[in-house]
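Supplied in structure tokens, the structure appears directly below.
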Amino acid sequence: MDKALFEYLLRLGDDSLVLAQRLCEWSSRAPTLEVDLSLSNLGLDLVGQAQLLLGYAGEVEGQGRDEDRLAYHRDAEEYRNCLLVEQPNGDFAQTMARHFLFSIYRELLLDELVGSSDTRLAEIAAKAVKETRYHAELASDWVIRLGDGTEESHRRMQDGLDWFWRFVDEMFAVDEVERVLIERGIAVDPAVTREAFDARVTQVVKSATLEVKPSTWPQTGGRQGNHTEHLSTMLAEMQVLPRRYPEATW
Amino acid sequence: PQQLARFEARVAADDFIEPNDWMPETYRKTLVRQMSQHAHSEIVGMLPEGNWLTRAPSLSRKAILLAKIQDEAGHGLYLYCAAETLGVSREQMIDALHDGSAKYSTIFNYPTLNWADIGAIGWLVDGAAIMNQVPLQRTSYGPYARAMVRICKEESFHQRQGFELMMHMVNGTPDQREMAQDALNRFWWPSLMMFGPPDDKSPNTERSMRWRIKRDTNDDLRQKFVDATVPQAELLGLTVPDPNLRWNEERGHYDFSPIDWEEFYAVVRGEGPVAQERMQARRKAWDDGAWVREAAASYETKHASARIAA
Amino acid sequence: MDKALFEYLLRLGDDSLVLAQRLCEWSSRAPTLEVDLSLSNLGLDLVGQAQLLLGYAGEVEGQGRDEDRLAYHRDAEEYRNCLLVEQPNGDFAQTMARHFLFSIYRELLLDELVGSSDTRLAEIAAKAVKETRYHAELASDWVIRLGDGTEESHRRMQDGLDWFWRFVDEMFAVDEVERVLIERGIAVDPAVTREAFDARVTQVVKSATLEVKPSTWPQTGGRQGNHTEHLSTMLAEMQVLPRRYPEATW
Amino acid sequence: PQQLARFEARVAADDFIEPNDWMPETYRKTLVRQMSQHAHSEIVGMLPEGNWLTRAPSLSRKAILLAKIQDEAGHGLYLYCAAETLGVSREQMIDALHDGSAKYSTIFNYPTLNWADIGAIGWLVDGAAIMNQVPLQRTSYGPYARAMVRICKEESFHQRQGFELMMHMVNGTPDQREMAQDALNRFWWPSLMMFGPPDDKSPNTERSMRWRIKRDTNDDLRQKFVDATVPQAELLGLTVPDPNLRWNEERGHYDFSPIDWEEFYAVVRGEGPVAQERMQARRKAWDDGAWVREAAASYETKHASARIAA
């Protein structure tokens, strides 16, 4: 099996899955019905991406694990998502800050992955990039609206950006697994998109009358399975039924 | 009186009344009450299902449930918009929900306790809702009727999905089968109560039927629901929790036990098992979101005046 | 096996266990260090009671299930605690309202159970009643202090009492299981303690400048395994390790 | 100067200094900093363990962990009280913690990721704390020394419990063994950092030792810890994550790799993996509890004046 590709697909798929799970926690809790609808849209897109990416990962692995087996029967340390997406929702500003940073990173990455030499991955990326472009726009709109809204919303939005900024660098880090795939033309070096990321973020943050305060000690480890304390509690809830009834199908 | 006669004639001819048409004040009020109650039911109804969203046991079940809850939010939105055409604002309706003066379907004051409840809600609750709502596609108020057309289509999709989930559970492990039976046990009677009080306790039925706001009596619809659902339960191999349930050849209908109306009225009064939790959850979401709504409004104002100034 | 006694012990033990678990959620979150210490004390007493009661239940059952097996390998519908103890903590006033109502009920019950014809149960009750007397005093003190503190604390304390009152009647209800054991002199009819309960509660609530607003439709079902939505999520977290690693001992 | 000479003579004679005795301002300040930092470490240290309290896998483990966390709250309390004898209030100290001006042990800025971490914290973190604290039972400031006597007794109990938990894990299933190794991998280096910067970067050590506020250098204590702990790791059958670790016959000590001081200083600056979460959790608890503290104070005032009036 192509171990590097398997790992890479887990990283991409787990990002989608974990963030989708966080968005599910918003159900019925949004500030307006319209926002509830749009958060569900984001969640649905991400669940769909997780299905495709983890499904493909399972095929690459060739051990008979499908997307549900991978989603529901791996422990936290086997998850490969970046730390940003597993962070708790916080208030609506934090949720939007998280979604804003992730979606811009992801849109730029998927844009490149459309040209992957792995055609299956390229196809998934082509579908996902459209969805993600919408995510990035929606989140950017909210960052601007909240940043340039009231005094309170400005403060909360700035706090949200500050809170999550330490998780940004991890998304652009490359390790041996990816290095190999980049050379093979399968994966994309996220570093090539960093400049565009910074430009996009800066532009939105400026329109929002906010500022970016870079952190000096970025947090990393998610891609290698070293997560924050939040992932295992999230998975305890998410996986409870398949873990409790391993012989059942649903 | 001439206006009233003309109005009643139009309604009797199955014409649609539109927002700018003349209508009796009682008609308007009854409609606002009924439509907002229906909208609230969609919104509150998101909660019992949302309770299992983070625990949905497969990715496709999670997607289906998320989409279903999203549809309900959408239904709430159409219905609030349709009601707004009658001169009441969404905020007013939501305030009435939160202060307890507006009602919503009693069924959502029961808890969801296992995964099969998600199936049971689709199968029974959406099933009952459809019985109530299909006739409303031809209700006399145009915006309401049109909202119902779209809603009914989605509801019947939900109902099929719910039944499919139940079918999957009964064909699963013994644990799963037990969950399905347990869900039916808990949701059967509350579903029958969804059709409202018995006809002899439903004083406005006659007028509402004349005005085509309602097209069948509560008891008729309830019977129709029982007749349609019992064979489905048999198909699932589940036992309806009613020892007196049997086919009555003579009536051409199923007989069933009398309903515990004391429970029904208690639940209507907001004393259902999780009624307080449901209202607390709705109020909390609304209160927690106040600063977001204010920010969005403030942003709009700023930039609208900027546009005007430019 | 003595099925009724087994059930009865589960009811008593699950009350302790579930409330202990709720108190664990307060760890490091209390208003002062002193309160943190006293909530831990309450939690420790309750875990200890759960061990004794569920341990004895397992022996009565005679199927080789010990207290941990019973605590960690039963689903929500097999739990027999009253609904009150599984309710979420809410704010500190709610937690104290819940503890106040439960502890007075429980102290009065244990006082009677000291005379149970089942000597093992009588012994456990004798130990637990002293602890529970302290719980009831501590919670009563807080009800008074908060009720007669500031305007805000008064409001919160009244809200706490109002919120939980609908779960009071269930604690005094008797079904066939208990009826049989009462006749055998093993269990106690909680109804005999209701008057004392009402008197104690009324006295404290009065000193607290609060009032009791009885609810018209009390909630029941916990003793038969019909719980609120909160228990299954609590258990998903509590049981995650033993469920995930069924072959391990800890 | 005469006072100072007398003070230093008393300290040199291993006399205890008591709250009302004269003491140099720097001595007082250093002590306040050290004691409050120690108190804060106890309080913040409750968080990583509390993270597993609701998931403790057996009732007795839950009781042990709850009791341990409770002891830590108790230690925090003694130490705040002891520090208060030096003229600083608990509130002032807590404010300094919350605004980031006071420090606490860097170790608590690492996350607890599996159940074996609870064992590793007892074994390594409490083990390191004891190394630091045993000498402080003879520290020159009386209230501090007496607090340490009690604390050390409890800490060594915790250390044994932690080691016992690790032993149980390594004798368990392969999964459990793996958790134990993983915990050691993550907590080893942070534990070594608990002894503070190397001696040549620790400018106040000399004076602190003269004043008996400190009785050993950081590097000495660190070496002592390594020498004591490596055989315990061997007993557990676990591998210390340091390829350069080996017994140096000549020195009579274990050699080990240089420490990543860049990481250490970053964590001290509050940039550890979960530093922000820890402070957020402390601040939230404090802010959420404000109304309770106010209510208790208000009740006291009311009833105190009632007692005076009576």
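Just so it is clear, A, B, C and D label the chains in written order, and each chain counts residues from 1 on its own.
FYI, a residue touches a chain if its C-beta (ideal position, glycine included) is under 8 Å from a C-beta of that chain, and two chains touch if they have at least 3 such contacts.
The chain list, named the UniProt way, goes like this: A, C = Phenylacetate-CoA oxygenase subunit PaaC.
In this text, all values refer to a predicted model and were calculated from it rather than measured experimentally.
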Inset, instruction - Compare the CA centroid of chain C with every other chain's and tell me the farthest one. - result: A
Legend entry - Which of A-B and B-C has more C-beta pairs touching across its chains: A-B
Legend entry - Interchain centroid distance [CA atoms averaged], chain B/chain C, Å: 36
Inset, instruction - Measure off the straight-line distance from the CA centroid of chain B to the CA centroid of chain D, and report it in whole Å. - result: 57
Legend entry - Approximate Å spacing (C-alpha centroids) for the pair chain A, chain C: 42
Legend entry - Multi-partner residues of chain D (at least 2 other chains): 55
Inset, instruction - Pull out every residue in chain A that's touching 2 or more other chains. - result: 236-237, 240
Inset, instruction - If every chain is a node and every touching pair an edge, decide which shape results: line, ring, star, complete or other. - result: other
Legend entry - Pairwise chain contacts under the document criterion: A-B, A-C, A-D, B-C, C-D
Legend entry - Complex contact set, residues of chain B against chain C: 48, 51, 55, 111-114, 182, 186, 266, 269, 271-274, 276-277
Legend entry - Touching residues on chain C, where the partner in the complex is chain D: 17, 20-21, 24-25, 27-37, 40-41, 43-44, 47-48, 50-51, 54, 67-68, 71-72, 91-92, 144-146, 148-150, 152-153, 156, 237-238, 240-242, 245, 247-250
Legend entry - Contact footprint of chain C on chain D as seen in their complex: 43, 46-47, 50, 53-55, 57-63, 66-67, 69-70, 73-74, 76-77, 80, 115, 168, 172-173, 175-176, 281-282, 284-285, 288-296, 298-299, 302
Inset, instruction - Within their complex, state which residues of chain C touch chain B. - result: 76-77, 163, 166, 215-217, 219, 221, 226-229, 232, 236
Legend entry - For the chain C and chain A complex, residues of the former touching the latter: 75, 233, 236-237, 240, 243-244
